[in-house]
C-alpha cells in the first residue's frame, strides 16, 4: 500500500466505491428476503450476500487484500477452528445412537 | 526504555506491534462470535419450530442500522486517510461523525429493545429471542466500546498528534480495524437474525 | 483374559470384550513405561555428572526413537481400528431387535424411576405436566389404555438373565449418568434426550446402579438396585407387581 | 520518526518510581511476572487447602474435623462435619482455582512474563499497560471467586465443568463463578495477545524462530491456544449468565421437572451445547497447563545435562502440531453423551493422533539425557521427576481416549488420577523446577539445595501415594465427586481402604511444602548471592543482571546461534551463550 | 412499681381469660384409600415399616372422619401490632422417611428445628418464595439443623429429593393465632381479644375456606368446618 498523498486519494475513491456496493447489496438482501424462493434458497442467498459484503469490508476497509503473510496465517488458523467449532457440535446432534 | 516497532514496522514481519495485536484480538473475536453462531446453528437445527425473524423483528429498522454502520465504516477510514494526509481537523471531524453514527446505532437499538419489551418480548420468551438479545446485546457492547475509544481519540487522545502524529494515525487505523470488524459482525447478524 | 486388574466381576455378555481392550491398552502402557523407565534410570546412572569426561555434543545417534514412535503409533491404530471403533459400533448401532426386554429409566435428583411396559409390551404415554413426585414420578398418563398395565418402581431395576435388555434413558432435571460397573455399562443421561443402551446380563444376582455424573448434593447416594432373576423369577416378580397394581386401582385417583 | 530515533539515547534513564508504580501498578514485565507468581502460589496453596478438607471427608466420612472444624460456619460444616453441598463447592472451587487461578497464572502469567522477554532479549513486553491490565483482571477474577464463598448457598457447587442444567438451577455462587471466569478470560486474552506480539515482534537481531529457546516456543503455542480457545467459553459463560439472570433457556430443554415442579422456562435449549463450548476451551486448556511445563523442563534438562536438546526441531514441530490438534479432540470428554459411530470415530482418531507428538516430545527429553553430564541439582531433580510422572499421566489417557474402553472408566477416579498425574506431579513439578531455576535471576540469590531436595523427594513420593490409588479405585468403578468417597456402594468396598492412606499422603504433602515456603522466603533475603549466570547457561536471560533492571539489558543483545550450545567440541568452556559473538 | 404490677396483672388476664375459637374439621363423604408408599427405593426406609406400609398423607382421617393436618389461622380481624416470638422452637422430624408432622405452623423469626432420625441422607428442600428458600442436605452426621423464617408465608412446601414421596408443609405466620389439627380434627386458637375474626382453614389439595366469627371478651366460640371430595 502506497503512503503518498496521491496514493491515499486513490484509495479513498476505492473506499467510496466499496461503500456504494455495500449499500446496494444491503438493499438486495432486504429485497430478496421478501421474495419466496424456498426456505433453503433464501438462507443460502442471504448468507452468500452477507459473505460477499463481509469480504468487501475485510478486503478493502481492513486492507486485508494487501496485508502481511503473518496476519493471513493467524486468520487462517482462526478460520479453521471456527469451522470446526461451527459444524462438529451440530455433527453430534445429527449422528445420535441409532436404535 | 523504549519498546521497538511501535511506530516503524519490524523489517522481517513488516508489521507494527499494535497491528499484529489487533489482528490477534480480532481472531479471538472471530472465535467468540463463531461460538455464538455455532450455538445458533445447533439450537436451530434441534428446534421444533424456529420463527422467521422478520415476523417478530423489524426489518426496516435493522436495514437502517446496517446502513448506519456501513457509513460509519467509511467515515472511520476517511478519518484515517485524512490523518495520513496530515489533516488533523478533518480527521477529527470524521472521528466525531463515526462516533455520532455509533450513537445513532445505539439509539435505534435502544428503541428497538424498548418496543420488544413493551410487547412483552423478553429473552425468556423463546430460544430465538434469547439468542437475538444475546447476540445483538454483545454486539452492542462492542459498538459501545468502540464509541468510548473514538470519544477518547477525538478529545484528550488527539493531543498525541502534536508529538507523534504517525503514532496517532496508526492508532486510528487500529481502532478502525476493530470498528470494521464490528461492522462485519453486524453484516452477518442482520440476515441471520432478521431475515432468515 | 477376562477382566483387568481390580475391576469388578463381569456380569454382562459384552463385558469381557471391553475388559480385553482395557487390558491390551494397559499392557501397552506398562511396556512403554517399563521400557522408558529402564532407559531413564540407565541413562541417569551412566551419564551422571560425577563420571569422568565431558558431555557428548552430538548425543544419541540413530533412528531408534523414530522406530519407537512408529511402533507406538501402529499399536494405537490397531487398538483403535481393530477394537475400539467396532466395539463402539456394536454398542451404539447394533441393538438387538428380537427377544428383548425393553425398559424406560427416568432419572431425577436423586432417584432412578424405572418404567416397565407391563404385559402388553407397550409403554403408556407420559407427560411432564402430570408429574407428581409422591404418586406419579414419571408423569404416566393413566388415561392412556397402554398405560393401564405399566409398572413403575423407584430405584429397583429387575432384569432377566441371559436376555438382552434395552434401556431408554431420560432425565427429568439435570444430567445424570447411568452406570452399573459389573455390567460394564455407563451412559450419560442428557435432559431433553432419550438415549438407549443395551446389554445382556449373564449372572444372576444383585448389583448397584451408580450415578457417575455430579447431579447435586445427593449425587453420592443416588444409588439404584439391580436384581437379575432367572426367567421364572423375573416372571414371578412381574406378576407380583401386576397384583400390586390391581390393588392400587381400587384407590381413588383424585389424589394423584 | 524523528521523535522515535532520539529515544535510544535516553533508553536507560529511569525516573525513580513511587512504591505504587514500582510494585503494585507496575508495567514492568518482571514485576508483573512476580506478582502473578506470588498470587498464583497463594491460590495454589488455597486450592490445596480445599483439597485437604475434602480428603478429610473422604477418609473419615461424616466425622467432625478436629481443631479446624470449629472455624467453619453452620452452613458449611455444622459441628465440624462437612455438608454435601459444601463438599461439592470445595470440589468445584478446587478445580477452578487450581486450573485457572493457580497453574495457568503461574505457568503462563509468571514464567511467561518474567522469562520470555528476557529470553528473546526484549526490553519488556510489547504492550506493558495491557500486561498490567491483564494481571489486575486476573486478580479481580480471583477476588470474585474467593468472595463467592460468602454467597448465599456457598460457592459454585456444580463441578469445575459447570454442566447445565445443574449449574443453571444452582445457588448464587454459580453466578459469581461465571463473572469471575469472565474476568479471567479477559485477563488471558489480553495476556495472550501480548505474548504473541512480544515473541514475534520483539525478538532481538539474529534470534530466528529456530533459534528460540524451547520455552519461548512453548509459550508462543500456549498463547495461541489461550487466544483462540477461551472465547467460546466466554460465549458459553455469557449464555449461562443469561440463563441464570434473564431466564433464557440456552441450556435447558423443554419439559424439565425439578423436584416435582415443572420448570417455568421457554425450553428448547441444549445441555450438550455447553459441553461442546466448554470442552472446546478445556481441552486446549490441558495443553496450556502442560506446554509451559514442557518448556521449563527442556530448558533445565539441556542446561543440566550440559548438552544440546536432542531433536530440537522435531520437538518444536510436535509442539505446533500438538497445539493445532488440541482444538479438534475436545469431544473425547463427551463419548458417553449419546454419540454415534462416525463422530466418536472422528474424535477417537484425532485423540490417538495427538498422543504421537506427546510421545515425540517426551522421547526427545529422555534421549536428550543420553551422553550428557547430568548435574543432579534441585531444579534438575524436579525436571527429571516430571518425565515419568507426565509419562504416567499421558499413558493413562490412552484408555480414556478409546471410546469403548472409556465406558467403564468414564467419570471414575481413573479420570481424576489421569489428569492429576498430568497436572500435579507433572506440571507442578516442572513449575517448581522453574522456580528453583529462575529464582537467582529474579532475586540475585540462590535457594538452598538441601531443603530443595527434601522438598522434591517428599513431594514426589506423596503425590504418587495420593494419585496412584485413584487409578485403582477408578478401575474398580468408583465414581468421582462422591461426598462419601463411595462408601454407599458395595462394589466400591474392596478399594475404599485406600482413601485414608491417600488423605494421609495429602496432608504429608502439605508438610513437605513447608521447607519450600521457608526456603523461598529465607532465600529472598538471606540466600547465597550469585553472579548473573549461576547455572552457566546459554540462553539470553542470563546475560542480564540479576535482578534485571527496568529495560533488562545493559545493551541490546544479539543472537549468534541456537539456544542450547553446550559442550561444543573445541570450545573453551562447556557452554557457548547465544549472544556471545562468534570468533571469526 | 404499682403500675408494673397492674400491667402484669392485665397481661396475665389477657392470656388466661381472653377469648378463644375452637372447632373441628371433618371430611364429608366416603373416605378414599390412600396409596401405600413404595419405600424399597431406600432399604433404610423400607426397614422402618415391618407391618403396614406408610401411606401418602394427603388425607389423614381420624375416627368419625375428622381431618388431620389442617392448618387453621386467623386471616383477618387482628389488631395491627407485633406479637412476641415464642422462645421454644417448632420441630419437624424426618423419621421412617416421612415428615413428622406433615403440616407445621411457626411464627416469623421463631426457630424451626429440622431433625433427621433416619440412618440415611435426607435433604430438606424448602421451596419458599417469600422467604429465602434453601436446600439443606442432612446426612446421618447432621441430626438437627435450626432455621428461621423471616417473612410471613402460607404455606411453604418442603420436599426431599432423595425420597421423592416425602412432602410436608410449613405455615409461617406473623401472629401466634394459628393451629394445626390432629387426627381428632380439633383446633383451638386462644388468647384473642373481643372482635370479629375471619378463620381460615387450609388443606394441601382442597385449598382454603373461611368463616367469620365474632367473640366478646373472655368468650369461647366453636366453629366447625368440613371438606369434601371436589368434583373432578
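Each chain gets a letter, A, B, C, D and E, in the order it is written, and its residues are counted from 1.
FYI, contacts are C-beta pairs under 8 Å (C-beta built on N, C-alpha and C of every residue); 3 or more make two chains touch, one makes a residue touch a chain.
Quantities reported herein were computed from a predicted structural model and do not represent experimental measurements.
Among the remaining chains, those touching subunit C as well as subunit E are D. Considering every other chain in turn, the ones in contact with both subunit A and subunit C prove to be D. Put simply, the chain nearest the middle, going by average C-alpha positions, is D.
The interface with the greater number of C-beta contacts, when B-D is set against A-D, is B-D.
Separating the CA-averaged centres of subunit A and subunit D is a span of 37 Å. For this pair, subunit C with subunit D, the centres built from the Cα atoms lie 32 Å apart. Between the CA-based centres of subunit D and subunit E the separation comes to 55 Å, rounded to the whole angstrom. Averaging Cα coordinates per chain places subunit A and subunit B 15 Å apart. Residues of subunit D in contact with two or more other chains: 83-85, 200, 228, 232, 259-260, 269-270, 272-273, 276-277, 280, 337-341, 483-484. With touch defined as above, residues shared between interfaces to two or more other chains in subunit C number as follows: 92-93, 108-109, 133, 193, 195, 216-218, 221. Residue positions of subunit E touching 2 or more other chains, listed in rising order: 121, 123, 135, 137, 159, 161, 164.
The list of touching chain pairs reads A-B, A-C, A-D, B-D, C-D, C-E, D-E. Put simply, subunit C touches subunit D in their complex at residues 4-8, 17-18, 21-22, 25-26, 28-29, 32-33, 36-37, 39-40, 43-44, 47-49, 51, 53-60, 65, 68-69, 72-73, 76-77, 79-80, 83-85, 87-89, 91-93, 108-109, 128-129, 131-133, 139, 172-175, 177, 179, 181-182, 184-188, 190-193, 195, 207-208, 210-221, 223. Put simply, subunit A touches subunit B in their complex at residues 3, 5, 8-9, 11-12, 15-16, 19, 22-23, 26, 29-30, 33, 42-43, 46-47, 49-50, 53-54, 57-58, 61-62, 68, 70-71, 74-75, 77-79, 81-82, 85-87, 89-90, 93-94. Those residues of subunit C that touch subunit E in the complex are listed here as 108-111, 113, 133-135, 137, 153-156, 216-218, 221, 225, 248, 250-252, 254-255.
Per the touch definition, subunit E reaches subunit C in the complex via residues 32-38, 40-42, 56, 58-59, 120-121, 123, 135, 137, 159, 161-165, 167, 205, 229-230, 232.
Subunit B contributes residues 13-15, 19-20, 23-24, 27-28, 30-31, 34-35, 37-38, 41-42, 45-46, 54, 59, 63, 66-67, 70-71, 73-74, 77-78, 81, 84-85, 176-177, 180-181, 183-184, 187-188, 190-192, 195-196 to its touches with subunit A in the complex.
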